[in-house]
Each structure stands twice: as structure tokens, then as C-alpha cells.
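As written, the chain order gives the labels A, B, C and D, with residue 1 at the start of each chain.
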Amino acid sequence: MHRRLREEKVFKDPVHNYIHVQDEVIWSLINTPEFQRLRRIRQLGTSYLTFHGAEHSRFSHSLGVYEITRRIISQFERSGYADWPQGDKLVALCAALLHDLGHGPFSHSIEEAFQMHHEDWTCKILLGDTEVGAVMREVSADFPEKVAAVIRKDYENPIVVNLVSSPLDADRMDYLLRDAYFTGVNYGTIDMDRILRMLRPYQGRVVVKESGMHAVEDYLMSRYQMYWQIYFHPVTRSSEIILRQILRRAKELYRNGHSFNFLPHPLPDLFQGNIGVADYLQLDEALMQTAFMQWTRESDELLSDLCSRFLNRKLYKYVELDTPELEMLEEIREAFTRVGLHPEYDMEIDFPTDLPYDVFRPDEGIRQKQILLLDRQDRVREISEVSDIVRSISGLHRGKTHLYYPDNKLSAVMDRLPRKVARIFEQQN
Amino acid sequence: MHRRLREEKVFKDPVHNYIHVQDEVIWSLINTPEFQRLRRIRQLGTSYLTFHGAEHSRFSHSLGVYEITRRIISQFERSGYADWPQGDKLVALCAALLHDLGHGPFSHSIEEAFQMHHEDWTCKILLGDTEVGAVMREVSADFPEKVAAVIRKDYENPIVVNLVSSPLDADRMDYLLRDAYFTGVNYGTIDMDRILRMLRPYQGRVVVKESGMHAVEDYLMSRYQMYWQIYFHPVTRSSEIILRQILRRAKELYRNGHSFNFLPHPLPDLFQGNIGVADYLQLDEALMQTAFMQWTRESDELLSDLCSRFLNRKLYKYVELDTPELEMLEEIREAFTRVGLHPEYDMEIDFPTDLPYDVFRPDEGIRQKQILLLDRQDRVREISEVSDIVRSISGLHRGKTHLYYPDNKLSAVMDRLPRKVARIFEQQN
Amino acid sequence: MHRRLREEKVFKDPVHNYIHVQDEVIWSLINTPEFQRLRRIRQLGTSYLTFHGAEHSRFSHSLGVYEITRRIISQFERSGYADWPQGDKLVALCAALLHDLGHGPFSHSIEEAFQMHHEDWTCKILLGDTEVGAVMREVSADFPEKVAAVIRKDYENPIVVNLVSSPLDADRMDYLLRDAYFTGVNYGTIDMDRILRMLRPYQGRVVVKESGMHAVEDYLMSRYQMYWQIYFHPVTRSSEIILRQILRRAKELYRNGHSFNFLPHPLPDLFQGNIGVADYLQLDEALMQTAFMQWTRESDELLSDLCSRFLNRKLYKYVELDTPELEMLEEIREAFTRVGLHPEYDMEIDFPTDLPYDVFRPDEGIRQKQILLLDRQDRVREISEVSDIVRSISGLHRGKTHLYYPDNKLSAVMDRLPRKVARIFEQQN
Amino acid sequence: MHRRLREEKVFKDPVHNYIHVQDEVIWSLINTPEFQRLRRIRQLGTSYLTFHGAEHSRFSHSLGVYEITRRIISQFERSGYADWPQGDKLVALCAALLHDLGHGPFSHSIEEAFQMHHEDWTCKILLGDTEVGAVMREVSADFPEKVAAVIRKDYENPIVVNLVSSPLDADRMDYLLRDAYFTGVNYGTIDMDRILRMLRPYQGRVVVKESGMHAVEDYLMSRYQMYWQIYFHPVTRSSEIILRQILRRAKELYRNGHSFNFLPHPLPDLFQGNIGVADYLQLDEALMQTAFMQWTRESDELLSDLCSRFLNRKLYKYVELDTPELEMLEEIREAFTRVGLHPEYDMEIDFPTDLPYDVFRPDEGIRQKQILLLDRQDRVREISEVSDIVRSISGLHRGKTHLYYPDNKLSAVMDRLPRKVARIFEQQN
């Protein structure tokens, strides 16, 4: 099974121009139902409601991560670097291709609502009775476990883990470029070719030649801008909040015995919290959107209103809260309750760094999360020791707390709110 | 209602950089549920199964068509051309924005399966009891009818119809650019700025200054390439065929009284052929995909197999038929039937010019379908009279007939087929 | 000398992103004075007077041709194709890099004025007592002769000649892309990656896999557009004409014993027609422009006027001549002479296909000038046998005859010209 | 004279797509010899020796600055902002177009060598007996003086000065975009459209709406990267040093009565330091390069060697000096002298912040050098008060001191240098 294809196959890709597939096993993995399912899950969740171009799927992104990884390893092998373990190429390529396999529909929201982690699901799919598992078992019986180990970050060869998951990995490079391309913003343009040329395997790590420092600085600045302008955009946050409220409300109703007009397989299993691999793989964003559409006719007004809001993009408005206002939070909640607003559904506090996105901060942790530079004397230093600009931005923290709320409901009761509370909402955008 | 926005609003767009909204009515139309629904319908139907980047929606495209139209009219107004009817700006902008409003999920396939036309649906939505209708009626009572007249091509002012629908209209310019961008091919790059600068309103037509001829030639050549490489790509055709077979089979089963495990509102109405506007607007690609997913567990094997094929991208293979082989068609069909293959579902003949896409051919028809050049002496000539290259390509016709079939089923019976028939499939790609 | 560099060196290039240099000999050749001189010769001659971005040099282009050739050969070697002679890689790379070495300043004009051919000069430089020659002789004594043979198209291994010079060679691909980039037009965008992937060495030829046909069609159409919109642009033609008139006039004056106020080395040798290699290499566009600037103060009015025109971009106007007007040519010339205009300098007939650029025409000649497609059955066919679009455009011929003239001089005598002649110039743009 | 053109004229531009000319006076100014001369002066001086694509001229850049200014003013006028003085449009456009008119060949080096300032020359050309002056005087007698006042920054209407010269002016925006385009690096991509949309005339200043802050941050970071990677690139610095040594040496020789084999008009005037406007306009880079070429055959070895180095790109090598090494400077110079190296020509200390490029530093000065943000309450704040990222980078200072030297000469005497000195050069790249 582990054979080269007789003739390389390519996918046309707007970001990398062509994705090159050279191994039979990669080709077979792409053609499994589990991998094809990623076409039905968007890369950027609800961001398409803010940036209409952002309709691209995790399928595209996964191919991109595979392609970047392939290019890095090709360069390592062509140059014959001693620190790269040649036998691990296929493990690394498969881990790159499949690293997002466990993502569910509207991934971050569903994970939060149902306490799941997509990495766990990825491993279950790799190791389970799936086509992906079958394809990999043809390489060798322990091959799925090897790939899963890379995903779990405990593979025996740490450089493979580092290649697939680090602050400068193929995953991050692909999503910066891809999300910039599809949203149309130009903050995400990075000189990937230069970065790739500067990467070196070195003592169990992928490090960067010091002469590539400027390109890495530029990459980190792009990343910073993309977080604040795309990933943390308040309109996207607002749609995420509505999404999570829908899931929360539906779960509540289900657990309270509500009889839904529409609840196809495998949603009951999901709501009960005991969904298996085969059923999990039936979940996709088409199903969720269809449920939302059908639920616009549900008897529970809260649920049907939230679903209409999501589908018709009638999102919540928001105000920014400063420190004194933040201290009034309980007061606001009580005032809301007194005038008949729902203290949990009609106001939501959001502070973006709570998000599962990791802006690079060198101070925050272990060596695996650092970018290391390799100088001519083969010394290795953490980049912020060398780069003024990285040192300058690495502590930065621009998070602002926002309060989201349904504008129409609030307007109706505004004059009954205490003046002090009402004033907060008058600054509204 | 027909007021300028206090401050222009913009959408970030990867193709046109920014979409500029200046009128309140345009802003309100974009925010109706009917227009937001276009987010859930892909611009290129099943092409994403061939070009994975092609996941963009009709929402994006509609904004793009609006923006190009806005730029054309701005230029006309800035230059004060006498032949442009200034009062019709808003009618034209609304028609441009809303021209695709009636598209259903996987538009061409559903139209064929259920004998519908999206232009009819567009008019019904414009004129019906919809939010879009309500917004337009605030402009004036007859405003929806005016916009519908432009869609129907019988508006009193023919230049407005010509602007919105002609071989060089905003619709075609946007889709060439947008489809090229999202697929990643570069055949669709056209010098739109130059073409726009060269357009002139002239006696009820939008014509092109002769000095813009080369840009128009280039546009027509891009169009030609896009048709053959994107829109008529055999892999896309194969997925369209499976889609149409799914719809055909489901309709058959429904009419034969089959009891579906999944048939939510408004699919029964659709199958009965009496769906109303409000219900039609509930149809989207999420619903169709969800139905396909649920139907993979249907008792009818043909339907469940087709649905699995579509979702897992196990498409039909194809062979090209030359003229002698085409004459053997009945023989093939009989041979198929004899060995137990289904004469309608296990083979499908496809000849791409049957498609509802209109490659420009000057000989084919009326003046409205022609591109006219305006020279310095204010003479107007059809472009192929002036351009050698347009004359050369205008008769071209590269259609090839393909026979599509399920590879696994055919392989199983190959040795029982007459040699003459079997040989056709051995050339397979 | 023929060693790999310890570490690859790169040049940042706007068209190919990076130019990769891997061999010591290539690096040394780039650093010779003869190759550096190409920085002082523009790729597109006087086109910068029409497209102000077109200020790029033959140095950039030569690096680009080298890089494309390197990529083609890398692919051939990686795939291990039997028909590619591995030992010839370095010969091919050097020929690609150095093929334009003999170009003089404003190449086509100087060649015409002084009956020289740049290929001859290239060979003289390769074989002469130059640094380029010395670097190559370190590879082997006969290496310069091998490279020269490729330039002269009589190298023993015809595939090397074909790779470096054919209708689909690296030279043409680079200049289409580069000229499009620097002028800013988008007619020259071609899918080079796809074309490169489709090239195959086959029986002494570089052929194209049939599945790459569309990309080649697109390339030929781009080429067609670039010729008519960039290379044959009438404003560029006008500046070429003035340039040639300057050279013609200066040569005349020199041969008539005129004493120039400025005639530095090696212009006297050039004018006498016996310039040697070392002196030829002193010629560059800086010298020519400086001469023109100094000659604006020459006593010969014709020369000083022409030089001012060139430097200050006061070009000749032009009219298009139709067939009856063409037949009046002698009549025009006589009328011009009668009113005191100069029959050779004040009118100049130009018919662009006379130019040394070769638009591809399959009917015109030998097999070397054809593009061959290789199908799955390993049959080889000329592309216009297979492609409708290539067949359609291959006979096309859009040349128009223009008459160029100094507008101010003509205006002054217009009323004294015969009515029939005057009328020709009244249509003027 | 101050009339609109009957029909707008355009220049194709790779950066802004089209440059639109709408006024007769702008068209006439572009066609003057003084403006056409800018075609013969490169925008980035010697940077083309580092980035071979950087061969673009100040002509292109000047058109670009004009175009950006035109777009800003168009937006101001379309929006009818009260704080923009409508009558000053033409003054602003002319100042934008002509602001670089006084640049000499290899501008910064020639300014340093001959103690001149290009702004002074610009004003002399505007006000002198030139075609540019004549064209402007047709607008009104005091028009040239108005334009010159904008250049001198003392125009009566400060917002016009601010528009043409500020940290966020059209000049800087054009050169970032243009230099990025022609070098091929992608550090200079900025979202100009967004910045332009966010600019507001406000109390004699052009300020930025606060919602445009991120775009400005991105612009400042691009600028920062461009300085360190393009403008201060050590290879470019090395070629600048050689250029300045050539000019210094030639001036010395001239003043010592050396008899040059080549010294055409107007070089003697330049060397004597009393060159007039008409003669200054004869200076261009063609002349300088021609002089360098001729001087390779000069009897003064130092001059001829420097000229060969420049033309053949045999540049000086460099080492970075740390603080203790900097303190050894006199010691190094003495050691050099002792072994026969030239203490002024064979070593050159370079510290890039000495350059005439102004990286934005908010602490450094007056209000005119600041970027101001305008919030919804019409409060104006300096950007680093609001933006963490700008505050972080604004004090940054990455300058490193380099010592440049001729590698071949140094190698020949290396073993005679004191060990302590020699060691500095062994770290060499």
C-alpha cells in the first residue's frame, strides 16, 4: 500500500497553486468518506456572516496543511539534513492531512456546548472502525496509532510533533494565507517560500535560520492583525454567541423532555451525550443549518427566535464595557431581569482571549511553544531575545470586553431600565 | 425610503476589494431573509467537488453584480451621457442585486428535475408577500413590478434590460472574475476597469468604444476558456448527473407512494409540484444535503447508493464517444440491460452544450445578444465584423459526448458484455 | 569548477518569487561584467515610453529564463525520463542564462542600423577573451563552444536546442509573464506551473502532454494579445522610428565627415562598422541616451531635433493607411518633398509584422517551430490539428500599415499639400 | 488653461491599475521635458543592484503620488467635507505630481557630495524659466509660487501641505506599494483603499477615522519592514558607499586640476559648485553611468577601480561592529594606514539611521509629523495613545553599525594587520 503513485496527482488550489499528491496512501485517505466530510464543515465557522468570501471548508485547509508539510519535508530530504528522521515522512504527512478530521460542525461552539474536544474525535476516527483507519492499517498495523500519537503530541520522535504543531507550523501558515485569501483582507500575506527555505531540523525541533528572522517577524505581525481583524471581529463573535445560545437552548429543551418537530439522527445521541464515532461522522453543518431552519417553526419562542436570527443574520448588537461598567455586571443582570429580559439569553459577556485561538506569547510557556532561531555558530535562541519587534509585541494584549444583546428587545424596555444602566447602551454603534 | 445612507457602508470583497452601499433601500434589501438565503446556495453548484476552492455562494456573486452595475452607472452619471435615463438608477441597481434571488439549491439540476425556472421564482419573490417586496414597495407601489420587468426583459426602458442582461453584462463579468478567483485558475482574469471605462449608453443599448475592442476580445477568450475548463469539466458533469439521478429517483419513489424515513417540510410540496413562494424560500442546499445524508439509510438501494456517491464523492467514470460509438447507443443500452445494469441509472449520456450556459455566438440571434462597438464616427458595428479573433472563435464548438457510468457495477459484468461494447469502456481514463 | 554551491543562493524576483542558483559556474557567470552589463539594457527597448512600468532590464529577464529552464530540467530529472540527456543540464542552463548576452542598446534598432545580429555577438562573447568565456573554460575547454552551439541551434543534442528555443520555450514564457507584470497589463498571465508539469522530453523534442492543451491554448492567446497590445503598440513603434532615424542620421553625418561635439569611445568604431568584442561590451543604453542628450546641442538641426524628440517624448503622430492610400505612397512622398518636408525623415512607413518578433504560425515552417502534443497512446500531433482555437487563430494577421510623421512640421505646410494627400492626415488621432 | 480635458486620459500603471488625468494643466505638465527627465532617474537609486526588479523611475512614482492625491481629494469633494478648501485642488495635484522634480541622478549620494537639496531644486525649476513654469503660469501668474509654497511647507492653507507631506501622505503610500511591487517583496502590501476611505480633512489637517486604526497600524508595520529589508539593505548601502566615493574622488581630482579623459557638459559646472537650472536639468543617471564607464579608463587608479566596481557590481564587503569594536575605530584606521590601505576609501563606517529616510517616531517632533485619529465624538488623538502596537514599535531602533571595505585589498594584507584588528574581519559573511 505504501507506494508512490505511478503519476503524481494534483489539486488546483487558489492559495498554493497546486497540491501535489505522490503517495497512494494519501490519495486513498483523501477519498475516504471521513475526509470528504470536511467539505461540509467551514474553516472559519460563522465568519462568513462578517466576511462573505469566507465560505471555504476544512477540506481545503487540510489539503493546504498537507501541501506545506510536504514541501518542508521535501526540502529537508533534498538537503539531507541529519536531524530529520527520514522514515517518518509518511507519518508526518498523514498527521498533517488528518489533523482536523475530528472537527464537528461550527466546531468551537459545539465543543463548548457538549464538552467535547476535536483532537479526541480525530484520534477516535483514526483508530476506529473507519475507512481512514482501514487505509492506514494497510501501511502497517501500528500506523494509525503512530499518526494518533503525533496528534496527541506524544509521538516518540518529537520533531514530527513539532513540525505538525508549533507556533510556526504548516497549520498556522496555511490558515493565515487561506483565510486572508478568502476573506479578501491582505493582512495575512506572508513570504511562505522564504520561511520554508529557512526552516532546519535541529535536535528534535524545527528551527529557523537567523537570516529568516525578518520573515518570521512579518509572519507574527500578520498573525496578530488577523486575530484582531478576522478571528475576533465583534460581528463574528455575535453570531457565535447566537449559535451557542441555540445549542444551549435546544439541549435544555431536550433534557426537559420537549418534543421537537425535527430531531433527526444523530441529534438525540448528541443531546444525550453518548454519540459514537459512526454517528458523530454524520454530523455536518448542513444538518445543523437544516435543524435551525426547521426549528424556526418550533413552539419554543426563544429557540425559534434564535434560529431566525442566525439564518437571517439578525445578530445581537454590542457595547464595549470599561472597567467601572464591568463591575456593574450583576446590577445590569438584575435590571434586565426586572424588566422581563432573560438574564442568560438577552445578555452575553464576551472577552475574546477566552477563545481557543492562541496568539503567540513567548512568556507563556514551554519550549514547544517557542520559535527558535539558529545562528551561524549553531547557537539557538528564542526569537524575542533577538528581535526587537517580537519582544515589543509579545506581551500585547488588546482584548476588550463586550456585552451582546438583542437590540429590539432592549429598545422596548429601555425607558424602564435604571438611568445608569441605560446609559451604557446609548454609546452603541 | 429612497434615501442615501448617512454614511456609505462597505463589504470587504476578495474580487472587487470593497462593495459600496450608498442607498438605504439596497442596504435593507441585503438584510432581508430572502437575500440572506442566497448564502446557503453555492454559485457553482457541484463544482466544488472538482475545484475545492469553489465554495462561494450566490450571495457573494449577487453583491458583486450589484457593485459592477453601480460602477458602470456612476461612470455614466459622472460623464453626463444623454442616453442614460438617470431616473432608472435604482431600478437597475435593484435588478442587478436581486437577479438571482429565485435560484434554488443546486439550481440547474432542480430546475430540470421539477420543470421550474429561476427567473420565474425571482419575479414571484419580488412581487409576492416577502420582505424584499415590502422594502421595494416603500420606494413606490409600482417599484417591485419595475424591477421584475427588468428581470423579465420587458422593462419600458430597454437600456436598463441591456445593462443587466447582455453578453457583456455585470453578471458575466462578476462570475468570470469570481469563479476564477475561487477555483484558483487564472483563465478568468479580465481587465474589467478598462471595459467599464469603455462602456457607453447609446440608443437604448450599452455599447463599447472601439478602442476597448482588445479588452473585449480578451474577455471573450477568457469566457471561452472558463466554459471548457471549469463549467463543462467532466468531473463536475459527473456530479451533476448523480445529483439529477437522486432527484429523479426520489420523485419517482414519492409518486409511487414510497414511505421516506426523512422528508421534512417543504420537500413533499416540491415533489407534488405545488410549492408556494414562502415554502420555496425554505429550500436551500443545507436541506438537500441533509436529505441526501439521511437517505443513505433509505431502504431503496438505488437511492441510498446514489446519495452515498454524492456525499462521499464516489462519482461516475466516463468515456468519450465518437460518432460510430454514438450510433451504437441503443445497442449499449440493451447490452447493459441484459447483464442486469439499469438502462437509465447506470448509463447517462451527456453533451455539455445542452447546458443552460450561453457561450457567446454572434450568429445565433438577435441584436440583444450582440456586442456592439462604437467608433469615432459614432457608427455602431457588431464586434465580429471588426475583430478577426472574435470572428475566428465565434463559430467554435468543442462539445464532446460522454457516457457516464458506475465503474464498480460495470467492472463486475464486463466479461459478460459483447466485446464490441466492452471495448468502448477499456479506453477509460 | 563545476561544483554545486555549498548553500543555494537566491535572487528575489517579482515574477518567479525566487531565482535559485545551485551551481558555482552559474553564480560566477552572473557576476561577470558581461552579464552585469545586461542591467544597462532594457528588456523592452522604448516601450517604457508607452508603458511607464516597462523599465525592466535584460538582466532580470535572463535570470528568469535561467530559472524556468532550471525548473523544467529538475522535473525531467526527478521523473527520470529516458529521453532527457542528463549530462547536458549545465550546457542548457548556461545557454538559457546567456542567450541574450549579445544584445546591444535598443537592440532591434541598432541591429537594423548597423547590420548586426545579437546572436552573433552572443557567440563572440561566449567564445572570446571575456570573463564569461574564462568561467566556462574552467568547466572544460570545449564548454564555451557547446553553449555557443546551442545558441546557434546546431548543438549535437537537438533536445537542448529545442528546450532553449521553440515556440514554447523558457524565453517566451518568461517575457510574457515579465512584460505583463512590469507593464501592468494582465493579458500575459499564463499558468506556467501547469505548462511546466505537462512538458515531456520525447525523441529529441520537448513536447506537451495532451491534457495540457488548454493551458497551451491560453498561452498562445496571451501571446497574441501581448503582441498587439504591447509589442506592436503604435506609440512604441513611433519611438522606435525616431530612434532609428537618430542612428541613421548620426551614421550619415559621421560618414560625411561631420565633426561631432560628442562622440566618445566606442561610438567611432561602431559607426565605422569595425567594432570588436571588448568595445562592443562598452555599449549600453546609458551611453546612447547620453549621446542623444549631448547631440541636442549638435549643429545638425535634424539630428538635434530628433534627439530632443526622443528624450522629451515628442513622438511622431501616425495615420493608418488603407489599401488605396498605400498605393499613393509615391505621390505622398513627392508632395512632401515639394513642400519642403524630408522624404525620408518626415515620413516613415511601418508595418509591424516586419518586426523581428515571431508570432506563432504553424503553417510557416519546419517542425522546430511547432508545438507538439503527446497523447496517451504516445502519438505526437501538431497542436492545431487537435485544438480548434489554435487552428482558428493560427492564420490570423492583424497588421496594419501606419504612416508616421512629425505633426508640427506637417501642420505648417498642410494647406500647401494636394487636397487628396492632406485628407489622409485629417483622420488623425 | 485650467480646463478639464474633453475626455479623461489614462496611463496604465501596475500599482494603481490606471492613472487618471482629467485636467489640461496636469496633462501638459507630464509632457514637459523637466517631467520626462524623471524617467531617467531611478526611484530607488542603487537598490537595483540588490533587488534586480527595482529598476523603476521617479516618473512612475510621481504619477502614482499624483493619482493617490487625486483619489483623496475626489473623496473629500464627493463627500462635501467643510474643512477641505475646494479651490486648492489644482495646487495640491500639481504639488503632488511635481514634488520630486528636483531630484538629481542617484539623488541622496549627489546631494551629499555636492551639498544640495532636491527640494530647493524643485522650487527653482517650478519658479524658473522652464516649460513646467510656463505651463503653470498659464493658470495664473502666482500659481508656480503657490505650488512651490506647498513644497516648501509654508503654503497659506496648511491642510494642503499636510496632504502632500505627512507620515501618511500620498508620497509614502505610493513608494511603499511601488517599491514592494518592483522588488517583489510582499512586506509593502497595504490596504490603501481602506486608508483612503478613512481620511478626513479636519481643522487644517488630514486625520484618520478611528475605525481605520488597524489599517494604519498595518501600514506602519509595513513601513518598518520595508526600511530594514529594502532601504537599509547592506548590499544597497555598499553600492551607495562606492557611488559616494566615486563622486568624492572625482571632485577631489577635479579640484586638484586633474585632466579627465571624459567630462562632458554640465559636469564641470557641477564640480565647480555653480550649476544653473538649465544645466542641472541635463543631469541624469545615463550621464553618470556613462561617465563611470569612461572613467574605468582614467589614469587615477582609485577612481577607475571604483567605477569598475560600481558597473560590474564588485561591491565592498562588510562586517557588523559591536560597541567595543566601535571604540577601536581609530586603532583600525591606523592599522589600515600602516599596511598601505587608504584610511578614507578602503574603509567606510555606515550607520543607516543617518540616512535621509524618516521612520515614523512620534516622540521626535512636531504635530505635523504625527498621525491623528478622529473618534466618534470628534476628539483627535495621536495614534500611539490609542494603538498598543504603534506605541510598542515607535521607540524601536534597529540600526547596526557596519564597516565596509574592499575584500580583495584587505585579504592581501590581512596577515600584516594586528591580530585584534584582523579578527574583526574574520566573522565576515
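Things worth noting here:
The rule is simple: a contact is a pair of C-beta atoms (placed from the backbone, for glycine too) under 8 Å apart; a residue touches a chain by one contact, two chains touch by 3 or more.
Molecules present, by chain and UniProt name: A, B, C, D = HD domain-containing protein.
Quick caveat, the model's predicted, so the values are computed rather than measured.
When the C-beta contacts at B-C and at A-B are tallied, the pair with the greater total is A-B. A centroid comparison over C-alpha atoms places D as the chain most distant from chain B (HD domain-containing protein). Put simply, the C-alpha centre of chain B (HD domain-containing protein) and that of chain C (HD domain-containing protein) have 44 angstrom between them. The mean-CA centres of chain B (HD domain-containing protein) and chain D (HD domain-containing protein) are about 51 angstrom from one another, to the nearest whole unit.
Annotation: 32 Å between the Cα-based centres of chain A (HD domain-containing protein) and chain B (HD domain-containing protein). Those residues of chain A (HD domain-containing protein) in touch with two or more other chains are numbered 17, 185.
Chain C (HD domain-containing protein) meets chain D (HD domain-containing protein) in the complex at residues 11-15, 17, 31-33, 36-37, 39-40, 48-49, 51-53, 55-57, 59-60, 63, 181-185, 262, 264-265, 282, 284-287, 289-290, 293-294, 297, 308, 311-314. Across the complex, chain A (HD domain-containing protein) is touched by residues 10, 17-18, 193-194, 197 of chain C (HD domain-containing protein). Residues of chain C (HD domain-containing protein) touching chain B (HD domain-containing protein) in their complex: 185-187, 189-191, 214, 217-218, 221, 224-225, 228-229, 388-389, 392-393, 396-398.
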